[in-house]
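Paired with chain B in one complex and with chain C in the other, chain A is shared by the two complexes that follow.
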Partner chain A sequence: MRSPIRIVFEQRNETPKHLSVLVPLLSVVAALVVGALFLLATGYSPLETYSNMLSDGFTSSRGITDTLGLSTVLICTGISAAFAFQMNLYNIGGEGQLYLGMIGGAWVGLAIGDRLPTFVMIPIVLLVGSLAGALWILLPAFVRSRLGTSEIVTTLLLTYIAASLVKHFVYSPGSFFVTKNSAFPQGRLVPDSASLSGIGNTSLYPSFFLVILIAIVLFWVVKKTEYGYRIQVISDSPRAAHYAGINANRTTMSVMLISGALSGLGGAVLIVGPFGRLDPGIILLGYGYAGIVIAALARNNFSAIIVSGILFAGLRSGGDKLQISTDTPIHIGVMLQGAILLFALGGEAFRRYHIHAVRTERATQ
Partner chain B sequence: MTNASHEVAKGPHHASGAAPSALSAHSIVKRFPGVLANDSVDFDVLPGEVHTLLGENGAGKSTLAAMLCGLYQPDAGYITRNGERISLSSPRAGLQHGIAMVHQHFRLVERFTVAENVILGSRDLSYKLNRSELEDKVAAVAESYGLPIEPGATVGDLSVGQRQRVEIVKALYQGAEILLLDEPTAVLVPAEVEKLFENVHAMTKAGKSIVFISHKLGEVVEISDRVTVLRNGRVTGHVSGRGTTDTKELARLMVGRDIELTTQRASHATGHEVLQIRDLSLTVGGVSVLSDISFNVHAGEMVGIAGVAGNGQRELADTIAGLMSPTSGSIAISGSLTTDRGPIHARELGLAYVPEDRLGMGLVPSMSILDNLLLTRDRRVVVDRTTVRPEATRLIEQFEIKANGPDHMARKLSGGNAQKVLLARELSGGRTATKLLVVCSPTRGLDVGAIETVRALLDDARSAGQAILLISEDLDEVMSLSDRIFVLYRGSVVHETPGESAELATVGAAMAGLKPEGKS
Partner chain C sequence: MNGNIWVLASADSVAIATTLILAALGALFTERAGVLNLGIEGILLTSAISSFLVADSSGSIWLGLIVGSLVGALLAGIHAVLSVVLRANQIVAGLALVIFGTGLANFLGKPAEGKTVTTLIKPLSFGPLSDIPLIGPIVFRQDPITYASIVIAIVSSLYLFRSRPGLELRATGDDPATVDAQGLSVASIRIRYTLFGGLLVGLGGSWLMLAQSAAWHQAATTNGVGWIALALVVFAGWRPMRLIFGAILFGFTLQLPFTLQAEQITFIPSALMQMLPYLATLIALIALSRPSTRNKLGAPKSLGIPFVRDER
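And then the complex of A and B:
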């Protein structure tokens, strides 16, 4: 007599609190397991690779400062994505807005030159970079709020244009952004007044603390202010917003612009920080896309993004160093990033549903 | 009447001499997370009988029906058909045993014709459809039960009553011997209800069994041969005998205590005009939704708007609340024009609005009671929740809202409690003291106890001198509460009558668009 077993999904009335922590945590673990399978299959030792990554990313003092340094930009793109996602606006073009932030920051730095002191220059560079990021999402924000055009498509496609812009500014002869009379096309360094120096000669820059501060402020804005209240109403029920006289179009517009500005800030942070110049190498790094994963793992919670941003920075910087220390493939870090996103999104099912197996009862004939 | 005396006993009779029941449920148990929806429920229906399942929302009647037609499977207990044990793994299996459900929300394809809808899902169709032949077949089935339908008509063009008939014909065409009608009168006007009852009689005469699911006492008494009352998933009583049943007794079985539903229409000295509507017209996407509506509502007066859903009620309420701009005409609250000035301006003049959609429009489901109170109030730049918290606690107490406190999420409230939160917010005034209250279907979907409370609250508000515009599809409600009644049909006021002298037949006819005497 066969007794069939069915997997039953029952919608939860309420998500247990512990799952909100457990699901992201287990997504990371599951991704590490998948990564280990790949490492094994390609003849590497997962244990050795992971322990190397761990020490390079999180335990050595050099590793820690490198991780925190890299997390600066990742937290920027993470809060950028989350700020839009929380209102169901899927700005996945943070990557392009980041490029624009770099272009804007480098441009203003080079244009003003050494004429202003550092404490004026740094804010100007960061501000112009943010504005450039916001400018890059202006069109998607406008058509989304007025016509309802999908921002997923527009922001993504604009990223390719932004990448072409970066290449154009670096590779076209006589460009404002490059060193003249150089055999190899290379971005011009911004003046010293527009550069910060790493704390204690590490790759951790003071901009890290600014970004942490911004994440905390945003957390407060969403939880405590009328603006945050409006965002919550619109994202949950647009009709309730209409009922209460809340202007959803205007809020949509402003949320998207702020999201773009935050990614732009990420680009500008690279100008005052480690890069110091417009560098087409940024296109290969995918910091903007990483922000999407960081936001998803933190479930758009701004304080959790600080944690997931640092975690990702550790994976990335640990992974990047593997190539140097051992002969493991550099891409394990990026692969883990992708796997974590998949598991974090899949894990949503466990949060929303109570999943269990039942033995179906058959009426005995 | 014939079998009024015997059978008052508990549980269905098993093969103990009497004719085997067409369909029986035996000790059915069904659990959902956190709820015991059916707790060893026994139920049976005989051939040629109307057996009603009566109960409040959440009493478990729809759950039981869903198991009888194969939509759900019971956790324990079993179902028999003509005395033989059957297992219904899907609605299709139910159909094979001749059991069909007519759902409250119709499952018809609007672009298809009646005949196409009826044959949808049949497995014996040939590759090429012979439409005229099919239409003849469908018409034949319909006629044999006195169900007049036009097989070639497009379903999208039919009225609600006609669509329901299509659903019934579809069930009969598929060979149903037992029809489960889930709240069939909820969407009908009185004349259509009468027609439906005629059809039900025609079907029982032909030997079909009807399981009638309802919470409306009056019609239950009228149509049923037997009644089974459910409360909290348990059977609380069986009553048999048509017309001999006392509605008060049924209400007590249903709710578990005595209920007084008829509100006294206190004669109020009506005050000044709070709401003035002049020649209001609204066109949406080229379609006229409201045309030339003019009326006033005075302080201390309740004006009822009756009508079948979709005749412009929602738009009328939204326009008064400032959510839509009229195409022409004007609206004034307390003498100030509100036309084209948005919802916040209307609220500043004393408007309160309880929309038909509680969760999703009136309340934000994922927000707490506290945050929902803030929805229609002035919130400042930094939301000040600490000063509103004591008020939230007070309102929860005053309106007897069952919640864990101000932080209780709106989504987790029952329908009645959600409605109380909404009324608490709107009646307590936000930006200014409430002068005008617009309420849409305030008791829809609520259980009898909550209906009682909500109606009492509206009555208190009227006594306190607020002007109330009651827009409801529940004709009984409009008739029993309103001082004046307007009937809205296709966006126009087609009938107007004082509440005391209103007649059900006249108002019902006006709702159906039949020309009544009175206002042309």
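And then the complex of A and C:
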């Protein structure tokens, strides 16, 4: 009998620099290979599909502005997820908080937009949207910090409730959010004072730069401030935090509320930007869920999220246009997104451990 | 006539509970072994569309059920490799599986849009028994998989609490170091039950498709049932028998909006009515997390924690 082989995981003390770049890169390649297999099996040409996605997402000038425009909301949901994840708080309800941001932003825009100038109105819409997002996570945050109820399922269930709320506001007769006397139910456009125009007639809005700025500020907050240090201590060792006199409940509460507000901001960005109205179509887009993937791939690093957010926006916007140009199902984009994350998670093991096989001696058995 | 509608509603609750029982049992076996698989929703969707495509092209619903279940096990296999072998973050791995499964299901479902299953899984008839008022439609007019799901739950309970391998399974979730010291492989037990759990979830998804929905509605086919199933496991305290009752209760909240709509009871707008199952689940979860009840529930103590043997 041959001696059995054992796989040994040896914890690395230091991660080699090249692996930090190589692992995400190989994850993307591996996911594209898996996607290609599915495309082949269902009768589409992988080469044609991918080259179309590349040009629609990244290399054409229209593609680039579309991608950066879409990345605005994805970076919002990405930093929202990362802000909570870094403290091991799994807010996976960013999707629902985003819906609330849309509802809040559209509501305030429609309610007082006529009476105020643009430079006042835009910040108000963004602020109210963020507050609405924070409001949507208030209950999960409260029960998590007081009773220890896992935030994972509660935040997610609230997403389904938020989706019903969006449908209610659009489809119920005489709703404040819809156009009166319209043939089919449709959200009312917010007044001009509450909407920005795309830069040079593209779908890239100035809100993109605001969101980038927020990501950079958060990067600084986490790395350099006392608040960021507190988050670090709690996530590394709740016991140590307790002995250091850090109020973990309060930090939990504030981190979750900020996370909710960031997703809400993502919804408000859609109101001042491309959507301009409460649109139930948002429910099918999954921008909030994409934020989870973006955060995980960037390993909750806020500056890396800008990169992974733009990458995923390209993947999505390239994938979305496929259906029009080649009749390939658009869902290939979402599928690739999931596959990349699965491979990246698997790749983590190679980053964290030195994995090798040893042939164990029979005598020691 | 009014009474009749409520009998049918109760019968529907029992029927709709089938997917909840199977999916929650799948999660229960996985979690009892100490693995947290949040990917249930993604597995349900992918197995649902697989069963549809197979049943549609082969003409056999049973083949559809089998393939759908196997696809469930296959996807759970991805989770097993990531969380048991590669020790990845199980929460993120589960979410990745939901996103991947949703995209994959919608991709595969493209040709199924607008089609319906030609032959559905039909309810059994027990002759005169099925015609007993009240009890007949609720107890004696369900389909074979619904009965099977309840039998599987009862057998699971006996297996978990009355058999040697059941003891080993529970020990793996609570105290893997002891199981390891007994000379059993923690990794192998965890992988096996994660796969078996996926098989059950896959069966639930296939049944949902071939007996309930009959047509592919993308993500709305499952509509969050996978997440309700995960909450149901907590609600049932990781015990299969309690899970049956919980599933029927949640099944009732799932079908209630449709019954009220059919009854033309419209004082609550239908979009708001559709929140009910999620709201009920949310309230149940929060009510159960008072510290006094939590300890009694008996969550596996090593749930979600990878096992690493202390190397001497």
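Odds and ends about this structure:
Quick note on the criterion: the second predicted complex is superposed on the first by the 353 of 365 C-alpha atoms of A that agree within 3 Å, B and C clash if a C-alpha of one lies under 4 Å from a C-alpha of the other, contacts with A are read in each partner's own complex, and residues count from 1 in each chain.
Following the convention adopted for this analysis, contacts are C-beta pairs under 8 Å (C-beta built on N, C-alpha and C of every residue); 3 or more make two chains touch, one makes a residue touch a chain.
Because the structure is predicted, anything quoted here is derived from the model rather than measured.
Applying the stated clash criterion after superposition on chain A shows that chain B and chain C can sit side by side.
After overlaying the two complexes on the shared chain, residue contacts for A:Thr225 are found with chain B alone; chain C is out of touch. Residue contacts after overlaying the shared chain place A:Asn249 against neither chain B nor chain C.
For chain A, the partner with contacts to more residues, out of chain B and chain C, is C. In the superposed pair of complexes, A:Tyr171 makes contact with chain C only, with no contact to chain B.
When both complexes are overlaid on chain A, the residue A:Thr59 reaches neither chain B nor chain C. By the document's definition of touching, neither partner reaches A:Ser197: not chain B, not chain C. By the document's definition of touching, of the two partners only chain C reaches A:His331; chain B does not. Legend: residue contacts after superposition of the two complexes on their common chain; A:Thr149 is shown touching chain C, with no touch to chain B. Here chain B and chain C sit at a least CA-CA distance of 5 Å once the structures share a frame through chain A.
Those residues of chain A that touch chain B in the shared complex are 10, 12-14, 224-229, 232-233, 236-237, 239-240, 242-245, 354, 360-363, 365.
Only residues 38, 42, 78, 81-82, 86-89, 91-93, 95-104, 106-108, 110, 218-219, 223-224, 227-228, 230-231, 234, 269, 271-272, 274-275, 278-279, 281-282, 285-286, 289-291, 294, 308 of chain C touch chain A when the two sit together in their complex. Partner chain A is touched in their complex by these residues of chain B: 32-34, 73, 75, 78, 85-87, 321-323, 342-344, 347, 353, 355, 357, 359-367, 371, 374-376, 379-383, 412.
Contact residues on chain A toward chain C in their complex (touch as defined above): 9, 38, 42, 90, 92, 139, 143, 147-150, 152-154, 156-158, 160-161, 164-165, 167-168, 171-172, 284, 286, 289-290, 292-293, 296, 329, 331-339, 341-342, 345-346, 348-349, 353.
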